[in-house]
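One structure is given below, encoded as structure tokens.
The letters A, B, C and D name the chains in turn, as written, and every chain counts its residues from 1.
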Amino acid sequence: MLKFKIDKLNELFDTISAETPLAMPLEKAGEADYGRYEKGAKPALGVLKTVKSPKDLFFPQSETLMKFKTEGKNLAVEAPDENVTPFVLFGVKACDYKAFEVLDRVFLADPVDTYYQSKRNAATIVTLACSKPEESCFCKVFGIDAAAPLGDVTTWMDETYLYWQANTNKGESLTEKVRALAEEGGEDAVAKQQKATREIIDKLPFSHLDLSYFKENGTKEIFDRPEWKELSEACLACGTCTFVCPTCQCFDIREFRSAKNEVIRYRCWDSCMYSDFTQMAGGNNRTTQMQRYRQRFMHKLVYYPENNGGLFSCVGCGRCVNKCPQKLNIVKVAKALGGKKHD
Amino acid sequence: MQSVTETKNEFVPTIVAFCCNWCSYAGADLAGSSRLSYPANVKIIRVPCSCRVNPMFVLKAFQQGADGVILCGCHPGDCHYVTGNYYTRRRMSLLFGFLNYLGIEKDRTRVEWVSAAEGAKFSAVMNDFAKRINELGENKRLKDLRVKENGHE
Amino acid sequence: MNKTEEQIVKRAAELLDNKEVDKVIGWKKGEFCFDPSPAAFTSSDELKDFVYNDFCGANLSKYLVNECKSGGKIAVFLKPCDTYSFNELVKEHRVNKEKVKVIGVECHGKLDIEKIKSKGIAAVTGAEESGGKVAVTSLYGNAELDKNEVLLDKCLTCKGKKFAVADEIIVLNEMEETKNDRFSGVEALEKMSEEERFAFWKAELSKCIRCNACRNVCPACTCNKCVFDNNASGVATKAPADTFEEQMFHIIRAFHVAGRCTDCGECSRVCPQHIPLHLLNRKFIKDINRLYGEFQAGETDEGKNPLIEYRESDAEPSSAVNGEVRHA
Amino acid sequence: MQRIGVFICWCGSNIAATVDVERVAEEIKREPGVVFSANYQYMCSENGQQLLKNAIKEYRLTGVVVGSCSPRMHEATFRKAAESAGLNPYMVEIANIREHCSWIHKDREEATKKALVLVRTAIAKVNLNAPLTAGESPVTKRALVIGGGIAGIQAALDIAEAGFAVDIVEKNPTIGGRMAQLDKTFPTLDCSACILTPKMVDCAQSDKIDILTYSEVEDVKGFVGNFKVKIRRKARYVDETKCTGCKLCMENCPSKKGLNEFNMNLNTRPAIYIPFAQAIPNVAVIDPEQCIKLKTGKCGLCQMKCTVGAIDYTMQDKFIERDYGAIVVATGFRPINIDHFNEYGYSENKDVITSLELERLMNAAGPTDGVLLRPSDGKHPKVITFVQCVGSRDLTDCGKPYCSKICCMYTAKHAMLIREKYPDTEVHVFYIDVRCPGKNYDEFYRRACEQYGVDYIKGMVGKIYNENGKLMVQGSNLIENEQVTIASDLVVLATAIEPEPSVRKIATLLTASIDTNNFLTEAHPKLKPVESPTAGVYLAGVCQGPKDIPETVSQASACAAKVIGLLAKDSLKTNPCVAQSDESMCNGCSQCANVCAYGAITYVDKEFRLGGGKTETRRVAYVNPAVCQGCGACTVTCPSGAMDLKGFASKQIMSEVEEICRA
């Protein structure tokens, strides 16, 4: 294990970014989000939850798929360059890292989404263990250990050091580039921090949320529960929960005319909360907000696990719990439907 | 490469002028029949009344690379539709003030009242506006970066 | 349970039991004290989950747009600032006031849990206000904060404690007026140079994730179909695919609600990125006041807003943009 | 996708000299959607139109773009041609490559490029055009003439002659207008009253003409063919149907201090009066400002004396509402106020008078019974000096920038008449230019100089002042290049004329445009000189621009011909470019109705089908296409974009914007 003095972190980031693009949580106008580190940027490593998850790096909110060029009355298609420069993604939390697995199962399954794949392959992911989880966190429910995230490199941070443990070959080669800045050691400090974190996690109010209801009951039974109406009543149909969610993966394909003879076809995040979600020529199969609301949670807790060996498409990051304007969230849904076990 | 740098140096702004059919478009016609010139980069869109101009049109123009947008209508009180330009006046006073509040240069937008009889005024206004936009340079603050440079050959 | 909440629940139960109303719109308790959600109650049994506390910041008036579509009479609890939105909705025929019983409820400023957390307090389990202080409990320890430091932004610039409309009111403790200058934020920006303003808004707006929370919570944004969702409109966008689209969305949205925005502050409350969206709407309000005379949308449920009115002597756009003061 | 044909007009050399029309036509061929492109010398010619018609048929065009002169010029021409070839006329768009391009740019490359952009922009628009069909609206077969001067009288008589009902609304107690005040008329010197009064009588006697004197237009609603006009009938305090015009009341009225407007305030009249002997209607009116009974409640003499009981002191203003198909504006003029022209001393010296005052002083029915006596002492003036262009062609803020057109001729008339009647009088005229175009006009002026020995001095007057009872007119003689001072007994100022100020309000009510001098604007200075840009509104007389009696009468008759042409139709095609609300998006918020100047928008409750067999009733906007004028104010007020304007749809305008910005 290596460790870097906290006051050497900027040097660390400068060293990495001198060679490879580096993405990490940065502060921008008071909020923390992943962004490209440049000299002078403000790292926001102390922030537990960035507003958006790092899925943006692999599945950007909007991404060009291709361009159409017209020449007189002829049309040519231009595909974007899929060669992505290798980059380092730093500071990913355990829950967000787990979310990549959820996304991989969608985008890397046949047919492979090459746009996603190329970026995924290009990334060296450095995770950062949580040390101060909060009340909205419930990663434990999904078997995630926030104190020991995976990734090419795992790091821990306390007041004095950043501890560094390479896990993969990619991780090792990144380590070689920064070794000069590091000292050896830190196992004890990490173990101490992990213990404290795990103790707190055990005490978090949602850590023992029971989702067995969604595994034990049939799709139709869950789908037809009368509580959906009441649960969804206050929903504003905004897309906050889906856009801050690390596992939401729906997108829409749109076009933009970028020049007289050029059209950009791009994809952008869509939200199942929106009234035009899955709109088809013949109309929409979900016409009420209740139906749309139900779709989101059915997908996370029922449909996705059914197709992915029981893996929930929620990692308990708690962003939706924090950000829903009207304080609706997956925890409330799980409790209302899987009710009795919580009383 | 040479030509690219050359075109860059010789900035020719794109200017969109919305003109009401009854006064300002006719004023532009009169400027034409009186052979009162103004820069060719001023291009006119005919609307029935200045009150037809939706803020979205103005933004669309900037998005697509316009460097200046000017609205021309009948003088207040002379609107062919009685009150149309009074609404224009309020809407655009607020909108243009708002754009400036967002940091958009206030001279990039303008409202002028030009009657059907004011061909000379039309030409003078367009000359002046084009000059001012030239001084301001390219619109960089309210533009869609996906929109390609059109080269302004 | 606080006294006011008790009184509200009692009144709601009466109304439902006496069949005076078929539905009551209020707040329902969540997992903590700080996460109540708006909710509808149709029987007095359901009222056990009713909550009215320091975190009931949500403006319930917009829910009436949908609720009014079904038959039956509805009682709604509105804080003073929310009542303006109600009037505006009635004015625009979006809510049928005959169907609604407005019950004004007292408000002493609502708290912002995100602000509490931003004070470095994680894993919050409770927060209670008393005498200008907020006692916060958390898994990491307890803390006491100044109420003013953790008020919702909209409450910092409270419009006042007057109910613009109310069929009845429940006010047990006298509401103290807050002294504030709600335009100081706008003024500070106006004083900046164009470049500084542009940089400020660029940084703020570039955070926008186009979740539409600001629009969807806004009581003035009640279009059946928003231009930004309508592919036929020519301006529809779904993502901030370019910085321009963030600008476009927020400019058009602010313009569409200009003269109709009551300054309820919900847009800023719900923004997941804490973009000070109220500073956009408030610029329009300030300019309307400056140019066309003081105007408070939702003061009454009739009359015209300043953008569908005019005076022959109105300021010219050139001088208006340059800060001319002209009204009445 | 549309199949678009593009036609580039040379307009002789008007376009072709600056724009490479062949290149434009050639490059445009490459545009998506364009299946035909041609250039031609004169597209508006019969052959040009034929080219367009043939192409529409041969290439099955669904859209047409003509690159030519302004759409204000020939849009209608090309639409008609397209229609005759079976294409919906609203599938035609004009790219204005003459007024907005070839005429203002000199550089051929630059102009050609701009022309290309303009044509492409029109293509972008026409791509989104949809066929539009004009609706029909009925025509009310009655005309309104506002103003009862010679213009109004002539228009009314001509319209009535064709068999249509017509109302004259006159704000004064009698019709006749300014012409009734004149003594003789140039260039024939026949008596004004002698030629006017028979026409006034004809009006009164026509069963088609309803004369509403002492009345004003209060409100106008509607549109061509369907105007609804509210008229205020001012309280006259005399029952028109009873009064016989015997004048007993006038003789007995104790209040005699009212200034006689008809005589340009040169003498007084009783509080109850008939403006002049030939007034139509020949009915008295009470001036409430002067009437002792109305002011103090004590008097009532006229009521006692009236043998038919026509006097009614309790009379109130009444409002009537009538429907009209067409409106003629003939509100006339007044001399401008010259009190502030200090150099002429008009307000200080009683013997400095205006030409219209001189008319009254020379008129047999005037304050001096036609004997020319000067106002100050009633003596016969021996030296009379005329000053021309007082307030006309004046670029300072005091006067008017335009030529009042009639002054040169009436001054020649006055000078001649004075010299003839009083040969011992010396007459001088200071002038800038003498402008006498017109049949027998120059001859008339020369007679004044040559036969009547009127002394014309080219030069401006700098100052008029009183010295020992003489009016010293100090001016320059530009021909002799000297300063002259003429000691005069009377000075006559040829005062500029301006539109009657009430025309402003009328213009606003009619939505007729008005220029900076308050003259109503014609739809086209050459091709539509008697029509206002507002359909169904016509202009006669000085309200449109300075003119003399023959011109006024011609214009009035021209108006009448236009009105008759309109009223002869049973229905009119309405403008199909009107607003329309997409009910599925409309919120029913009423904002659009609030900005509609025409009251074209109403609301209806409409049932909509939702999914799953459910329905929902919503309040939605409905636009009456016959009432909507197509301004588009509502479209911007509508936040959801449910309201759009046909022919100028948001998407069309935005596609034009895109094309321009991306050219």
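Here is the rule we use: a contact is a pair of C-beta atoms (placed from the backbone, for glycine too) under 8 Å apart; a residue touches a chain by one contact, two chains touch by 3 or more.
Here the structure is a predicted model, which means the values were calculated and not measured.
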Of A-B and A-C, pair with higher C-beta contact tally: A-C
Chain of greatest Cα-centre distance to chain D: A
Separation of chain B from chain D, taking each centre as the mean of its C-alpha atoms, in whole Å: 31
Geometric centre distance via CA averages, chain B-chain A, whole Å: 45
Separation of chain A from chain D, taking each centre as the mean of its C-alpha atoms, in whole Å: 71
Multi-partner residues of chain D (each touching 2 or more other chains): 595, 637, 650, 654, 658, 662-663
Per-residue overlap in chain C, given as positions that touch at least 2 other chains: 227, 234-235, 241, 307-308
Multi-chain contact residues (two or more partners), chain B: 55-56, 60, 77, 83, 87, 91, 144, 146-147, 150
Residues on chain C engaged by chain B in the complex (per definition of touch): 186, 189-190, 194-202, 227, 234-235, 241-245, 247-248, 251-252, 254-255, 258, 280, 283-284, 287-288, 291-292, 306-312, 314-318, 320-322
Contact footprint of chain A on chain D as seen in their complex: 30, 32, 610-612, 658-659, 662-663
Chain B - residues contacting chain A, complex: 144, 146-148, 150
Contacting residues of chain D [partner chain C, same complex]: 584-591, 594-595, 603, 616, 618-619, 637, 639-642, 650-651, 654-655
In the complex with chain A, residue positions of chain C that touch it: 30-32, 35-40, 58, 63, 114, 117, 122-125, 138-140, 203-204, 206-207, 209-213, 215-217, 229, 231, 238-241, 269-270, 272-275
